[in-house]
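Next up, some structures in structure tokens.
Consider the two complexes below, in which chain A is the common component and chain B and chain C are the respective partners.
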Partner chain A sequence: MSQLSATDSAGFPSLTATKRGFPFTGDQLLALAARGAGAVVLLMLLSLLTVLIHATWPAIKTYGTQFVTTSEWRPNELQVPKRNDAGKIVFDEDGEMVQTTLPAKFGALAVIWGTAVSSVIALVIAVPLALGAALFLIRIAPGKLRGPVSFLIEFLAAVPSIAYGIWGLFVLVPLLQKYIEPSILSIASHVPVVGERFHHFLGGDTGLSGRDMLCGGLLLGIMILPIITAVSRDVLAAVPVQQIEGTLALGATWWQSARQMLGYAKAGLFGAVMLGLARAAGETMAVTMVIGNNNQIALSPLKPAQTMSSLLANEFGNPESDLHRSALIAVALILLVMSLSFNVVARYLVIGRGPRRAS
Partner chain B sequence: MTTATLPDLAPSPMPAPAALPQADAAPRPALIEAKNVSVFYGAFEAIKSVSLDVSTNEVVAFIGPSGCGKSTFLRSINRINDMVRGCRVTGELKIGGQDIYASGVDLVTLRRQVGMVFQKPNPFPTSIYANVTYGPRLQGVKKRQELDAIVEDCLRKAAIWDEAKDRLHTSALGMSGGQQQRLCIARALATRPSVLLMDEPCSALDPIATAKIEDLIVGLKKLVTIIVVTHNMHQAARVSDRTAFFYLGKLIEYDETSTMFTNPNQKQTEEYITGRFG
Partner chain C sequence: MIADRADRSLHDRLTRGASAVAYTLSIGFTVVILVTLLCVVGYLFTLGFSSLSLGFFTHLPTGAAQGDVGGMKHAVLGTLILIALASIVGIPLGLLTGIYLSEYDTGSKLATPIRFICDVLAGVPSIVVGILGYELLVRPLGHYNGYAGALALAFIMIPIVARTTEEMLRLVPGNYREASIGLGATKAETILQVIMPAATGSLVTGIMLAIARVAGETAPLLFTALGSRLLSTDPNEPMPSLTVQIFTYATGPSPDQQKLAWAGILVLIGLIFVLNLAIRFAASRRVGSKR
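Our next item is the complex of A and B:
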């Protein structure tokens, strides 16, 4: 063999590379393919960003920062009665209202608000339940129960969102409309002194549809519950048993020890929550079905709202103009950047710091 | 210090159940009394009918080859093994005259009285100060001054005050392994235990850190009764008054350390301490 003959006086084989195949070895081909695959993924993300930014340009050029600081979203021109400086409707000599035309206008604040508020409602509902369930699975559930329950949770995380949407529409919406929201209103109106105003503020005068911010947030909370539970369970399972025994050996009660455990795992748990948040913010179909799709900033959770993704689902199919289309894509870009940053933060907290935690 | 200082292990708000053995007038030399204690993991009997006592303010070493059940027995003394699924204890294990496996025993009170130091240092990922005050805080001590005093006192007792006093509020994880282990000892002392269980406290440490912990054990015996599990025969000889040799879940021999290492009764003991197996 040529390699064996290329030895120095001590009989040690030469370490310089010898060509083993032509033109590539299997190793080299595989390395090339892996690099190629990696590059394709990166290129996809880059081209996605490029296309979105390019398509967004008309909207950015027209509205600048106003795009995210105003909430009027009007795809078509609108004829409205003209008002004078005092806010009074102006009439002409014949007693007819003078009409004026409002131009099309795009401000995304209402949908950003919708996404933010519905996500926060979802987190408020899902996080305590998920942490409780994860603690239960790790610290209480008997071995026999752990497997099946874990399987169910993972199963729920994999249910397509349209299924949650249908459930929301046929179960949650009627439930809210007929029972829960009327009760909320009646409680609100019984608050002393401000009862009537409170009732009005919540939207009691306009009638309840059940499809509103509360319903959207609730459904989102139910949808992100499984993923937050599953990730929190894994994070808690990674807490070293010595830490838990350490607390118990110092006389901690079950609850005190669980609290220390949550504290130990807080970075990972925060990551789990961010992952849930990313899901909630990006969720489309189910929310579109139950949130009422009204482009407004309403402080009352009993009024219909709109999220970024439900807006896209509703309007992207047939935009009224190029500017409308561009504005919708700008909304998509905001959503993409938001979800991406939630995911990056979550991944860094859950996975990136995993090994350090274990040491 | 006598066994009478050990508080009632029953939950404080409840009166002690009549079934709980009460201290009687007779003087009781032993603080810990085990009678025919067996410990099972499922069907596997890891400790087989072990009987032994430990007196107040003595240091007892548990020796024996890996897997012989030293940790298992130690961990049944503060009932931390209750955490392990399928673990079951039979027989009678009394501390200060009270059966710790009787119904109605409050684990929180028991574990404050019977502190534990683990094989691998396990400081919490918080400050040194927060580590030491963890136990007292659980007991409701809130006053800053009181906590400060406890921290200094316990760190001094654990011979780590000089190294820690200027960094009390920095992370405990920044300390070396030996310092972390002494911090864990200080943390255990902060609940004012009567008994300190140490499970191979030096096995993860270098020789210098080991020597410091050994000195500490000898010094602490004035304050607490100590049971220390060790793999190291020299360590057992250096720190303990009595030594118990376990083999395959059985207590083979239990005697004065000096007797045990010079003139063991059992052939297995002799073979083990002369290094012929283990």
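Our next item is the complex of A and C:
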């Protein structure tokens, strides 16, 4: 920075004055540093991809496409009674069961399922609410209210996921376990004809823990409300005012005009939803705390589940073997590719349709 | 004729009715969102205030699970060190990338993909960033360490700082640049002495935004800095952090440690609230909004 204080003949501070023997002028130096930083960003993405793909390789080599088509996830070897071709348990001469060892097995379908279902539940809850609120902010809210409400929503988007997780663990989980889920079950069992089966399907016989797919999806929905609201508000704000005035001049009601507005901005709104989806799919801490962490596909939303990110949070710290770690990194890679593609679509759709957001 | 008119008035009434319902729903949904989210924050604030004490900042964990469990001095310090380390790497790189995108090669074949990559990198799930940190700095070194955590946090900071910097620099009117070049200044002088000072407030916004974001991150630290019950100032060792410590305590069985976790959450949310207020203040003074 000492060069900054040097002045040239005209008395202007100058960066062109080079120190003796120093190969670059300040001008070249800044250009170099800026280009270097650009290259670093490029390098960040490349290293992310190469490191993950490299570390995933053993798992891909072992399982191939089975990795994403099977749901069995068993980090340890398992001792089971040996069965013959007819499915009967084999006994040795002393009448003891013959044990065989099943090797460790890794299939990611259950966690892919968990991520997909919990994200869909989150979107079903968040999207209508967020769009309603975005319409409110643009079309109804008086100017004085718009600022504070917007600030509040932006602040809530910045609240860390661990905070939502703690709230979920201490408030949402007991609430679901004690009040909401028992009433869902009792309604289910009163359905004529299929009531008992429905009750059984939902998991009423095994007891409710409150930590399940429903809880995870619900909490995710709450967490992505602020971001979807904020982005859709920006997208709606970019709709040309003539569009709205035109509909009103033709005598449209508030809702007819609002629908025109939503239709005009639908690509951008879809982008906002994709951003929310990317957030929900990649969200880790809160989900880990409330989803129950059970690595199986359960169709009932009242049973514990596991998402890709919660699996990573639970198991990556103490892998049982190198293959286990490699399989976990494969899950991370799938998660990465998924959320990258959601993000790419979202950015493509939101770009140029409103004031850009920082994150 | 009469039937037709009745039809039309029925249709009319239905349309108006639907509109009124939608209007009410729009207000109702906003109320639902705000009430839910305020419930979340209000609950955390109430619990936090009842368990926060000065000892939180000045005491170390006693190691006891019940009774006097101590404070989180180590975690506060650890978080500060991690953020400082991440900032040393992340802020200059982010600023320079922003400068590159806004002032050099704008719209060129190289800048467009880099801009896009920045956007995309901002959406990488933070747990995946943690795994990258593990593979790059934990596995080769053979032990968990603070540097890996700081690296993961820097990875998250760079795209945020870069994109806000670019946008804020773009808001500086073009005639500032022309005037500066016209007076004989070089490009570097123009950038460092004219454009950056004009946008200082908004550049600070981007930096605070990035700090607020990484201060609350837990997932990238789980497999890098790991966390620790001890006071540690050596980044080559496992480093405690507020978020990981909160996670450990909150999911643990001890009610006394859970209280400490609530106090920790309050401190964290309080910090982020203050940063957000500061961002709003700084953003209201940006160059572009004066026009």
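The rule we apply is simple: the second predicted complex is superposed on the first by the 306 of 359 C-alpha atoms of A that agree within 3 Å, B and C clash if a C-alpha of one lies under 4 Å from a C-alpha of the other, contacts with A are read in each partner's own complex, and residues count from 1 in each chain.
Assume contacts are C-beta pairs under 8 Å (C-beta built on N, C-alpha and C of every residue); 3 or more make two chains touch, one makes a residue touch a chain.
These numbers were taken from a predicted model, which means no experiment stands behind them.
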Clash or fit, chain B versus chain C on superposed chain A: fit
Which of chain B and chain C A:167 touches, first, second, both or neither: second
Touching partner for A:318 - first (chain B), second (chain C), both, neither: neither
Partner chain(s) touched by A:27 [first = chain B, second = chain C, both, neither]: second
Residue contacts with chain A in the superposition, chain B compared against chain C: C
Chain B versus chain C as contact partner of A:253, first or second or both or neither: both
First, second, both or neither for A:137, with chain B first and chain C second: second
Which of chain B and chain C A:65 touches, first, second, both or neither: neither
Partner chain(s) touched by A:84 [first = chain B, second = chain C, both, neither]: neither
Touched partner set for A:101, first chain B, second chain C, both or neither: neither
Nearest Cα pair across chain B and chain C, whole Å: 5
Contact residues common to both interfaces of chain A (with chain B and with chain C): 253, 256
Residues of chain A defined as touching chain B within the complex: 142-143, 240, 242-253, 256, 260, 263-264
Touch list for chain C against partner chain A, complex: 15-16, 18-23, 25-30, 32-34, 36-37, 39-41, 43-44, 47, 92-97, 99-101, 103-105, 110-111, 113-114, 116-128, 131-132, 134-136, 155, 158-160, 162-164, 167, 183-189, 191-193, 206, 209, 212-213, 215-219, 222-223, 243, 246-247, 250-251, 261-262, 265, 268-269, 272-273, 275-276, 280
Residues of chain A that touch chain C when the two form their complex: 4, 10, 12-16, 25-27, 29-31, 33-38, 40-42, 44-45, 47-48, 51-52, 55, 128-133, 135-137, 139-141, 149, 151-156, 158-167, 169-171, 222, 225-226, 229, 253-256, 258, 275, 278, 281-285, 289, 309, 312-313, 316-317, 328-329, 332, 335-336, 339-340, 342-344, 346-347, 356, 358-359
Residue ranges of chain B touching chain A (in the complex, touch as defined): 78, 80, 83, 85, 107-109, 111-112, 115-116, 118, 120, 122, 124-126, 134-135, 138-139, 184, 187-188, 190-191
